[in-house]
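After this come two complexes, each holding subunit A, first together with subunit B and then together with subunit C.
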Partner chain A sequence: MSMAVNRPRWTRQLAGLIRKDLRLELRTKETVMAMVLFSIVTLTIMQFGFGTRDDDLTRFTGGLMWVTLAFTAVLGVGRSYVAEREQRVLDGILASPVPRVVLLAAKAIAIVIYMAITELVVIPVVGIFFVKGPYWDSIGWIALVALIANVCIALSGTLFSGLALFTRARDLILPVLFLPALVPVVIAGAGATHAVVGGPHDMSEYRGYCLFLVGYAILFLLVCIATYDAVFDD
Partner chain B sequence: MSACGVGHIYGERAAVADVHLDVVAGERVAIAGPNGAGKSTLLRMVATLLRTGTGTLTVLGEELPGGARRARCGIGYLAHDPLAYLDLSPRQNLQLYADLFGVQDADRRIDDLLERVDLIARADDPVRVLSRGMAQRLALARMLLHEPRLLLLDEPHASLDAAGTALLDAELATMHADGRAAVIVTHEVERIASVADRLVVMRRGRIVVDEPVAGRGPAQVRARYEECIA
Partner chain C sequence: MPSSTTDHASRRVIGARAALIWGVIAAVLVTVASVGVFLVAPEDADQGVIQRIFYFHVAIALVSLVIFAVACVAGILYLRTRNVRWDDVSVTAIRIGMLFSVLVIITGSIWAKASWGTWWVWADPRLVTYLIVVLIYAAYFVLRSSVDDDRRLRYSAIYAIAGFVSVPLSFYSVRIAQSFVHPVVFTSGGANMPGSMLIWFLISLAAMLALFIALLEVELVGRRTERALRALSLRLESS
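Now for the complex of A and B:
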């Protein structure tokens, strides 16, 4: 005979988990600070590596920005379960009646927020370092594609970091799994950025890349829903 | 809970094999045994943290693993580690668990528990700066937060000072009086006489003794245990 239990609402569980991640980040400032610093250093190295301030690197802007964001995402996603792992809290979370997909959603939303904060710095810095033509009027379009791409990064990243969590060589396995999954995001992000930077906007091309990213996000969402229980419970 | 022929294999070694164990409401069962006997593995299976390799495990009327999520609503798990975020305060940790378990009137309940475990004065300090014993008292509050019907305790007296031990024993007595069941894994065999109704001894993944404790003092329980593992 089953006991009568009060099933907690998943919305409250989700809000609690996101609040916890943001509180931890506000207190330690480890992940976002590392992501912002890493991205600035990477862009600075690229600035020195690809040319001087006098060179117009506008046509490479999308690639430079999205390669930087991809590596920054690996750094951020790699830290997404650090507190649970190092402070041995995971058993407490897993012993609670929280659906595993809610754990994924909470981590994914936290990563979207961390990426968005990083992009607040990266997008202007890219304009200052690499673009000689019109750029600042395209900021809104770049931010939009970044937002969609962040969802793709967060969903795939959370899935792979969950998989890597239970392996011994997790620091090696995560980039090996995650970077190939980021290739379509880099292609679409760079393509969409290229379509709106440095000249007349090609909105048809931009829309195409954004739709591709939406499709990619939906695909990973379905994969996550189908597999996340198995990642944590098997 | 009811375990019927339950087993679990790590690699090629059977950590738990063919375990049969029933615990009814209000019963307190102590599981003792040498290191590597499979006590913690069995407890983790009951806590739904580890899947059974063989046999059938039913917890709070829910067969695992299918009913794990429903069963978790009624399980309180106290592990070796406090299972608390070190950079959050005791209050913030309990708020998180209150959200996960859907605890009603959470703020009042959290204050009440922090008072009971004598952590109210340190409620807003990061767990990182608390002593091990204080962190273990926080773990006790976390376990009791959602008023579980089945308590699973892994070495609950470890790291507790005399006051903490008395507090834990008092809480266990209260929970027992409320008709809640408890499974306690312990190496402190002498303590079993005061905290449990039944003694289960495990050795090499199997239960070798399962008998009542009633009427025995600490020395007699210790002697019986030594006899079982000899």
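Now for the complex of A and C:
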């Protein structure tokens, strides 16, 4: 009875877990720094990958941005459980009376924050590097679709990184599991970006892609809620 | 217990008779569908003989959606019951679903070459999304081979459910994509073809469904037999 009284509310558990992840990141700055650097390196490689010195790659902006963000997401998501596993913190969390869904939510929110920080750099850099037409008036729309896509990335990423955690060669398994699931996010993210960059805004197309992403997020949320207990059912 | 009774009982447990019945049904339906599609069904006025690939291409595509749904439901049932038989159904269904999805890509690619003059059309959402579906379910086998014991079954079930999320995305992508070249045969208003074609399409659909069930049953019989043999050899060793 007293245990039930002493058990913290799920909101406090969630806040505690997010605080732990963010504090760890603030101390080391390993994950976010690596994600930002990785994304800039990838964007630079992309420019040379086209085999052209053309300054104006406006028509490829959405693709360049979202392929880069997808690869960066794999990197960030791959790091999300590493600290817990290496320091055996995960054993402690799993032994404590924290519902698995709270653990999922905490990880997903941390990934959304890491991705948002990375996008704060990537979205302007894409504009500076590749776009010579109108771009900066669309930045709010790009940020909005990025926010929705981050939720999609965080939900599917948390599920797949949980699955990959105890596999052999987990660093190899995660991209194989996660990247195919990210393809619809890349398609919709790039489509929505194209709709608002380099010309008149096509808001009906933009809205369609955003709704698709919301549908993706809802589907993965349901899958995560239904299965996350089983991921750590040891 | 007389040996004939024991044989009968073990055959029932293994389910060999069901596999045989479904095998016969599938063979008959595939034969009837092939004859009907190539010799009886009317030729399409626009596309000519190549349009006949549609009867198998679309039937296989629709049945593959059913197969992945079966794998997903079996995954859910495994997580609820932890009965290894549901894992058998799930993994076998995904194996057959992969085969069907590859056939969708091959038949779609042949159709694309005949209709649009190229083997691969990135603007065709169904072809592209089936490629994604194949990549997603290929990862299922990579995951399955990299974990052991109870975790292997659990993770496979979870992935079968998560993978199935891609199937409605595949289906709806035909409707939502902007650059749209694929012929839409079924709309919300009904089937977009004459009755003489529709009947052969429905027979092809039934043939592909029966083929899936027959393949599933045969593979499950193999798995059950293997398990029964292992149990028998353990019993013999202990006695």
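Operating definition for what follows: the second predicted complex is superposed on the first by the 221 of 234 C-alpha atoms of A that agree within 3 Å, B and C clash if a C-alpha of one lies under 4 Å from a C-alpha of the other, contacts with A are read in each partner's own complex, and residues count from 1 in each chain.
The rule is short, and it goes like this: a contact is a pair of C-beta atoms (placed from the backbone, for glycine too) under 8 Å apart; a residue touches a chain by one contact, two chains touch by 3 or more.
Predicted model only: the values in this text are computed from it and were never measured.
When the shared chain is aligned, subunit C comes close enough to touch A:Leu163, but subunit B does not.
In the superposition on chain A, contact of A:Pro97 is made with subunit B only, not with subunit C.
Contacts of A:Met203 after superposition on the shared chain: neither subunit B nor subunit C is touched.
Using the contact criterion defined above for the overlaid structures, shared-chain residue A:Leu219 touches subunit C, although it does not reach subunit B.
In the superposition on chain A, A:Asp233 contacts both subunit B and subunit C.
Of the two partner chains placed by the overlay, only subunit B lies in contact with A:Pro8; subunit C stays clear of it.
In the superposed model, A:Val176 makes contact with subunit C only, not with subunit B. Of the two partner chains, subunit B is the only one that A:Leu17 touches; subunit C does not reach it.
Touched by subunit B in one complex and by subunit C in the other are residues 233-234 of subunit A. Against subunit C, in their complex, subunit A makes its touches with residues 156, 159-160, 163-164, 166-169, 173, 176-177, 180-181, 183-184, 191, 205, 208, 212, 216, 219-220, 223, 226-227, 230-231, 233-234. Every residue of subunit C that touches subunit A in the complex is listed here, in rising order: 76, 79, 132, 135-136, 139, 142-143, 146-147, 151, 154-155, 157-159, 161-162, 165-166, 168-169, 173, 176, 178.
If you check the complex, the residues on subunit A that touch subunit B are 1-3, 5-9, 12-13, 15-17, 19-20, 23-24, 27-28, 83, 87-89, 91-99, 233-234.
On the subunit B side of its complex with subunit A, the touching residues are 44, 47-49, 51, 60-62, 65, 67-70, 72-75, 77, 79, 81, 83-88, 92, 95-102, 104, 126, 142, 149.
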